[in-house]
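Please find the structures below.
You will see chain A twice below: alongside chain B first, and alongside chain C after that.
Moving on to the complex of A and B:
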């Protein structure tokens, strides 16, 4: 065997070996990469491309307009109003869902009897589709035949009866109430898991030292839950920034934009006004805002988690 | 000094325990009412006739058990929506399970340079708000001729489920002991054999989390189904509520009957496996 021969064979064996090693990696990853590129990455990029067009989405009349849509967005009062509503949804979601969920988790943690069956029933709203819930609560809020106004008139409080979804001052609040109603059990189960991981000895040691139950809750149990609460806040905030379903079904952003969110505004711009280019601008802006909010809240929550 | 503290706190403790004994059940039952009243309202109304809802209060019991609404809805195309939902769900979940477990195995066990960056990129995909992919996917679906078929939904459903599923399964597979893998290799298994005979069977709990979390999400999915299909013959159950709402206009009992019927499959499943479903949904949402 001449030196030249070995030089010829060694690389080819290596090549064959590396091919054999690479083959499974490729085979295992190709299906996932295919779906993610076609249905997630490509739409993401395409959305930014479409945001530079003036196009109704139907024919071939698309026109490149550069940054015109983005300039329009910067001055679009409706979009900023929608963003404001997203922030309002985030704020009230945190304000109402966290304390109520925490209270219910404490209730379930303390109630030994029946807590399992209560937990199971409390969780039911999370199984419902948003269309089902939206349609149900549209009927519950109905000003004429709805049970809320019916109940108010039965106890002679007709003065409090309102057009819950039709009044611009009330529409967003009415929908937020339903969003909270559906999501509170989720955070409740989360906090309950946190509470049940609380080491019993810690509470007993504090009790021996003369701490009252109230002190134990505020000073020991709640700090123990801190990480869980921060995770919950992050989920609620990010979820609110991209929220769509119940608002779309119950009010479609109305009346007169009173309950409009970024996502419902994007949807109407594209599928009702047929401004596909501008709708894509709204979608792209929404992506940037959600990513920014997610990055900020994640960093905040992570930093605090390590502090504990 | 110390005695005053102890006595003070012990009275506080006993005072609280009385308060707690009253407050806990009251709060527990109050939230039970808040949770269940809408469900009771829906069920009761679905058993009424249309005239009855106009003249009686929303909280009155139905005058007689009236199953006409149920018969009307069941004979009015409900089964087509159900069949489409089952078809889309089964096909999507099978694809999600197969594709994400394969990818998870590669990320958990195979060594290659792009392992970490690619995994990080896929996990970052969880942040993408799915609604912003709606417009390009709508255009894509029209261009490849899948618009208004049940197949239109498979691509977006699988893709949106993959990041969280791959994340859950990768975490799970990383914990499978290396020794099992080596033993299988000694027995003559190749990479595919190890995946098929060792990792897949041992990932049962992870796979069930992925199936439950995505299954419930996709069963209830509305907006892609609404945008990518238009004919009732190809639409899924959440759209049944939407379509019937247009069809029945102000017939509230009929609409709430559709709500009851479309929600029933999941509630029945929940009755059989509450713990698993709660756990699956929590795990999925926390990772997402």
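Moving on to the complex of A and C:
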């Protein structure tokens, strides 16, 4: 064997070794990357492509219109109204869902074992299908036969009876109330899980030092939960920005666009007006806006980041 | 020994192949034809199921897979199926604008040759039944379900109790509204979350005010035709006049027709009338036979100074139409299936279900159906629903602006202008 030969073999062994180290990484990543590309990247890119077309989504009649759809979107009052409604939904979701869910979680956590039945009861709304829930609440809100107005008139408070889903000023709020009712249990469970990792001895030590329950909650438990709260706020905001189902079932975005959301608007544009191109523009814009809102929320809540 | 084991393996493989192929063989024996429609009432679905069963019996080797889907969900489902190029073999539609979109995309089979081959089958139907499914002289659908006119249903007992007669003119109508309002009863029950329900008022008013030509010219972008025609604006004003007079039961813009919100108002006596297609009679008969006894109908009232004929109706001759999609592998069998679904047995069954398939010489002893048939045959013109006649995009603009008119959140002039702008943009 000549010295040259040995020199040749050394790097190839190293190469082989490094390949051996890389292979598992590649093998384990391929499935995930594959599915991400097929189900995330490809639809994303193709919906951006579609947003440049004037096309009804059937056959081969598509026409390239460049940025025309985007210009139309910029001037589309209904879209901006929908965006405003999404932001309103996000604001009220955080405002109502977080405190109520937190309160329920803390109380149930204190009650510990005795609260098992309550835990299940409070969890029920989350288990119901949105469609069934929507139909039930459509009946509850019915201005002529619904129990809400029925109750109000029974206690002689007819002045408070309203056309809950048919009045443009109330429709969105009426649905938001149901959205909160449906989602509070989810955040309750999230907070309960967070509280379960709360070290008991911390509370006991604080109590020995004479701290009241309120102090323990505000000064110890809440800071302990800050990472969970941050996650919950993120989920609520992002979920609200792409919300669809209860609005679609209960008001269909009406009356006169009063409760329209970006997602319902996109749906109507594609499936009722047969404008796949413009609908894709709405969808792409929605993606950009949701990403932006998520990024801003993440930035604003960064200082509360903890490991959960 | 080795050869023995080889032959064993061969036998095993052979056996497995037979096993694997046998489902294929079974599949080859019975070909499946899918059929989608929107008949979700017990009666309506049964008639189609029976038709499918008759077809299977007459054509051994074929299996029919039928789906009956709720009205508004159906429109979406059909669009998705066509968009994904996997439509059902046989599908129901209302003809008009949406069907035309599918036809333009080359996704619907031209039935003209089938019809000319079987002239006896074609001539069974009233000629007018093909008008909403004929594009460029080619026929793309078979009228299947009903002859529908939109009429003013009213509660006889309620009218008698208030000593009222069904309104024939606008002034009589406003009087009815006033008298009922004083008794805390709404003149009209309207479930306008669905939007096409309120559209009927608009269409009738335009027809009564300006005659059938106004819409036809505006939709076809003919010279002089415009959606800002005074007839459209006055129709909007009349709707808002009714709204302001309290003619509609509370919550109308949020009520859902598909869950029966408007009929509930009629049943409870909280509302006296509903402008609705004549199919409503069979729905009510299925739903509330007791109330059916109190039900009567009249024509939409005339409008002072209106150019329209008081006998003109809004409606459809056929209601639903069966078409065949181009992806269907067995179009001949599919056509036979359509024939089964619209044959004499099914025509008779539909009569019993209070529906009139537009077949010539249909006789019934039912006074209600005879009145509907008379109404349509004597009509000077039959105006098709705007939201089905127009292209899907314009239809949405029409539905949205009309719902806004009812909600008093848009002026009639602005609504007309929006419609005209959209029509202009589309014609470009």
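By definition in this document, the second predicted complex is superposed on the first by the 251 of 308 C-alpha atoms of A that agree within 3 Å, B and C clash if a C-alpha of one lies under 4 Å from a C-alpha of the other, contacts with A are read in each partner's own complex, and residues count from 1 in each chain.
Just so we're on the same page, a residue touches a chain if its C-beta (ideal position, glycine included) is under 8 Å from a C-beta of that chain, and two chains touch if they have at least 3 such contacts.
Please read all numbers here as calculations on a predicted model, not as lab measurements.
After superposition onto chain A, the partners chain B and chain C occupy overlapping space and clash.
Touch criterion met: A:145 reaches chain B and chain C at once.
Applying the stated contact rule after C-alpha superposition, one finds that A:290 touches chain B and leaves chain C untouched.
In the overlay built on the shared chain, the residue A:50 is in contact with chain B alone; chain C does not reach it. Within the superposed three-chain model, A:276 lies in touch with chain B and with chain C [touch as defined at top]. Once the two complexes are overlaid on the shared chain, A:58 sits against chain C while remaining clear of chain B.
Touch criterion met: A:135 reaches chain B and chain C at once. In the superposed model, A:254 makes contact with chain C only, not with chain B.
Once the two complexes are overlaid on the shared chain, A:213 sits against chain B while remaining clear of chain C.
Looking at the superposition, the partner that touches the larger set of chain A residues, chain B or chain C, turns out to be B. The superposed model built on chain A shows that, among 134-142, 152-160, 260-268 or 278-286, the segment of chain B colliding with chain C is 134-142.
Common to the chain B-facing and chain C-facing surfaces of chain A are residues 57, 135, 139, 145, 271, 276. Partner chain A is touched in their complex by these residues of chain B: 2, 5-6, 9, 12-13, 16-17, 20, 24-25, 27-28, 31-32, 34-36, 38-39, 41-42, 45, 53-54, 57-59, 98-100, 102-103, 105-106, 110, 112, 118, 122, 125, 127-129, 131-137, 139-140, 155-156, 158-160, 162-163, 166, 190-192, 195, 216, 219-223, 227, 237-239, 241-242, 245, 252, 255-256, 259, 262-263, 266-267, 270, 274, 277-278, 281-282, 285-286. Chain A meets chain C in the complex at residues 56-61, 135, 138-139, 141-145, 163-168, 171, 251-252, 254-257, 268, 271-276. Within the complex formed with chain B, the residues of chain A that make contact are 22, 24-25, 27-29, 31-32, 35-36, 38-40, 42-44, 46-47, 50, 57, 103-104, 107-108, 110-111, 114-115, 118-132, 135-137, 139-140, 145-147, 150-151, 154, 181, 185-186, 189-190, 193, 210-215, 231, 235, 238, 241-242, 244-245, 248-249, 263, 266-267, 270-271, 276, 279-280, 283-284, 286-287, 290-291, 294.
Those residues of chain C whose C-beta lies close enough to touch chain A in the complex are 75-76, 79-80, 82-83, 98, 101-102, 104-107, 192-195, 249-256, 259, 261, 264-265, 268, 270, 391-393, 395-396, 400, 403-404, 406-407, 409-410.
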